[in-house]
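The following blocks contain the structures, represented as structure tokens.
What follows is subunit A paired twice: with subunit B in the first complex and subunit C in the second.
Right, the complex of A and B next:
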């Protein structure tokens, strides 16, 4: 593939579309806004079509695992199960759309039941496991090896006690002062650091955008310069 | 060329890939759960730059690369990046298998997380690199990566997830550092100049904030109204 096809045309397209999108955001010019709206529709169509690509990739990957199964290793059964579920859920989705005459398959009771009672429940279980991961990470991180780590440990201990019901019981008559200290930590030093990082990240994103638009940042096109 | 401060997280990438190679373990890299069509796109682009750099190192050292992906449309982009990197390092045979290195897992956040955790458990990577947009799954991935014995380098601009990466990973890239990664690693003077320009941007933001505070305190709300409109 020629150099121009690989690098220059994508960069020109990126720059042109980015400039039009920025222009349409800040200036109320109908032609630019119509173009931006069309582009956004294109994005939706392309993104939705890539779901088919995803299904093909995941099926191909697990088909390979089933074919290459080794004696004594039963993990291929999970691949079979995954393919069965992908097909089942896909067909249920198509049936849901068809039967409810709506683009939202969750309006179909069968699809909604599977979604609510299996998908949502598993997602919630996974999310709730975060509490245990936080405990193990905190156990390793909160060791006062340096002055900075000691500050982190102390402030974390204060905030944890502030959020836990036990905090106000432990501090008894001094609970009000303790709560005020905790709120000060959250709203002053914590918020200052938080906003500093936020501003830095925003400026960094703008800088990256400029590099992408001027064709300097080419990482997303491939590793080569 | 402007002098950039050292970023230990980025300097450690090559060492981490080298370690994984010596241990005959794979390198796992991901660009987060953000996409390329919304406000998280800059983070994903920063992650993709890192994928290119890491793929090049893997090609050079002969390390196995695994790139789990959440968004289906990011997969062809990552595949192309990895293929280019391997081709440029003269590993054409491996480049042809770039499609197998990128693994699409699921569009759903926690289904993706579970599958990703499975990869970390089974493959026991020597290096685990995460650069991009991460949300609630950040700590789960980092913790399981730690138990798998990987050297972990992670970065995100999502402020609520940064503490998790700092606590659980060997090296953390904070906020704007992920956007500077491509420029920092490329050693290109113009790109480095744009990173130095970020400091000017921050100075301007600071001046505007101070001006805003003074004007607001003086009761002048014209600029506030202008920005709101």
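Right, the complex of A and C next:
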């Protein structure tokens, strides 16, 4: 097998860097901490290159959709639109950096205007459409078919109303009792569940880290294993 | 009541449901209803924590938001928090680990209450905007260990940190007194806990969160890791009310939010009434 294709080298590199990072967290050794700091800075640089990779990949994917378009299926138009917008926004960003003579394109009024008045507005509109779907689901699907479903439904209704700005006031003289019930649901059964999930996820992350360092988990090296 | 009524209700056209929610949300957006409002203890604690800030301490304002979160619940939270912080004699660092949050920092500064609060503040001396720091949680770790190395590019305008006087005393996370994080999701509060508060346990944390994230975040408040939390749209409205910076538009947004919640609750009740009414009519299984 070619030297460059050997899996042992990236595994050794991963294990070495992981051990130094862990060591630098628990021990105040300057050399280890300097190394860890440099590695973290490398990540910041690499992340920027992954954005370029992302643009290339999404363009290739949608180019394929346009090429494979079938008669009667007009969904390829959205792929054209996506590529046009990616190119437009990329060029606007480059222009923004140049014209505003700053580190980020957001200083450029045109870039900022498009972002605030189109991106924010459209994204908020997409998010707010949830109100319609949740209403429909609440009416049609969220039924107390079993005892467990009834408990879930009741808890959800109480917490939902508690999160509304005027939620507890609706209950008038019983507002204090309603608040107490909401707090109890949040602070006892909800918190117990979330703490279990958090602790489970942390133990899982440690296990995954050990598997990666010992070369048992190789998914990050690419497809096939 | 006639059983056919419930059957008809069960089979109601979904467009009718959409129309009802559209009207219920639309009315308060056209004319404010001034629905009553209570103030939750968490919001009072959030305000008190900022009020208690000593002079000249460094506070980081993490604008870790998506456009959707900002456009709804987090925008009012961010504007109210920035107004309050600018009223205090502290040094403010605005930054974000969400690339979507970077353009919105300056948008917060355009709010009229924020403009009033920051009129005597000088950029570089009293506040800075460090913009987007890439790398999500790794970026946070990098910032915590070496602020200057992480930000060799300078602030969001490209000004080197050496030219920003207030940054002279900010080298690592140990120099940060408090973090206020307005968060949409990951990276957000829990990641700051792991990368910042774990390195500087004295650092105080306040979090402004979406309503849907409150149940997950509440565990950190109970553990004392967050001093307090702003609970979605409700928290934003309460905080604006406490600071006396609520505009008519804010009242409209708050009323619309309450109406949408109430309507969903009504649909839940009616849907279940219909379910039980029609279920009784069904023949028992043999």
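Here is the rule we use: the second predicted complex is superposed on the first by the 173 of 225 C-alpha atoms of A that agree within 3 Å, B and C clash if a C-alpha of one lies under 4 Å from a C-alpha of the other, contacts with A are read in each partner's own complex, and residues count from 1 in each chain.
We adopt the following convention: contacts are C-beta pairs under 8 Å (C-beta built on N, C-alpha and C of every residue); 3 or more make two chains touch, one makes a residue touch a chain.
Everything numeric in this text was worked out from a predicted model, so none of it was measured.
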item: Contacts of A:43 with subunit B and subunit C, given as first, second, both or neither; value: both
item: Which of subunit B and subunit C A:198 touches, first, second, both or neither; value: both
item: First (subunit B), second (subunit C), both or neither touched by A:157; value: second
item: Which of subunit B and subunit C A:119 touches, first, second, both or neither; value: both
item: Touched partner set for A:136, first subunit B, second subunit C, both or neither; value: both
item: Touching partner for A:166 - first (subunit B), second (subunit C), both, neither; value: second
item: First, second, both or neither for A:207, with subunit B first and subunit C second; value: first
item: Greater residue coverage of subunit A in the superposed arrangement, subunit B or subunit C; value: C
item: First, second, both or neither for A:127, with subunit B first and subunit C second; value: both
item: Partner chain in contact with A:220 - subunit B first, subunit C second, else both or neither; value: first
item: Footprint overlap on subunit A, where subunit B in one structure and subunit C in the other make contact; value: 43, 47, 119, 122-123, 126-127, 134, 136, 138, 140, 194, 198
item: Residues of subunit A touching subunit C in the complex; value: 33, 36-37, 40-41, 43-44, 47-48, 101-104, 106-107, 111-112, 115-116, 119-124, 126-128, 131-132, 134-136, 138-140, 142-145, 153, 157, 159-170, 175, 179, 186-187, 190-191, 194-195, 198
item: In the complex, subunit A residues that touch subunit B; value: 43, 46-47, 50-51, 53-54, 57-58, 61, 119, 122-123, 126-127, 129-130, 133-134, 136-138, 140-141, 194, 197-212, 216-217, 219-225
item: Residue numbers on subunit B that touch subunit A, as the complex places them; value: 35, 37, 42-43, 45-46, 48-53, 55-56, 71-73, 75-77, 80-81, 83-85, 88, 103-111, 113-114, 136, 139-140, 142-143, 146, 157, 159, 162, 164, 166-168, 174-180, 182-183, 186, 188, 190-191, 194-195, 197-198, 201-202, 205
item: Contacting residues of subunit C [partner subunit A, same complex]; value: 12, 14, 17-18, 20-22, 25, 35-38, 40, 66-72, 100, 102-104, 106-107, 131-135, 138-139, 141-142, 145-146, 149-150, 153-158, 211, 214-216, 218-219, 222, 231-234, 237-238, 254-255, 257-258, 260-265, 267-268, 270-272, 275-276
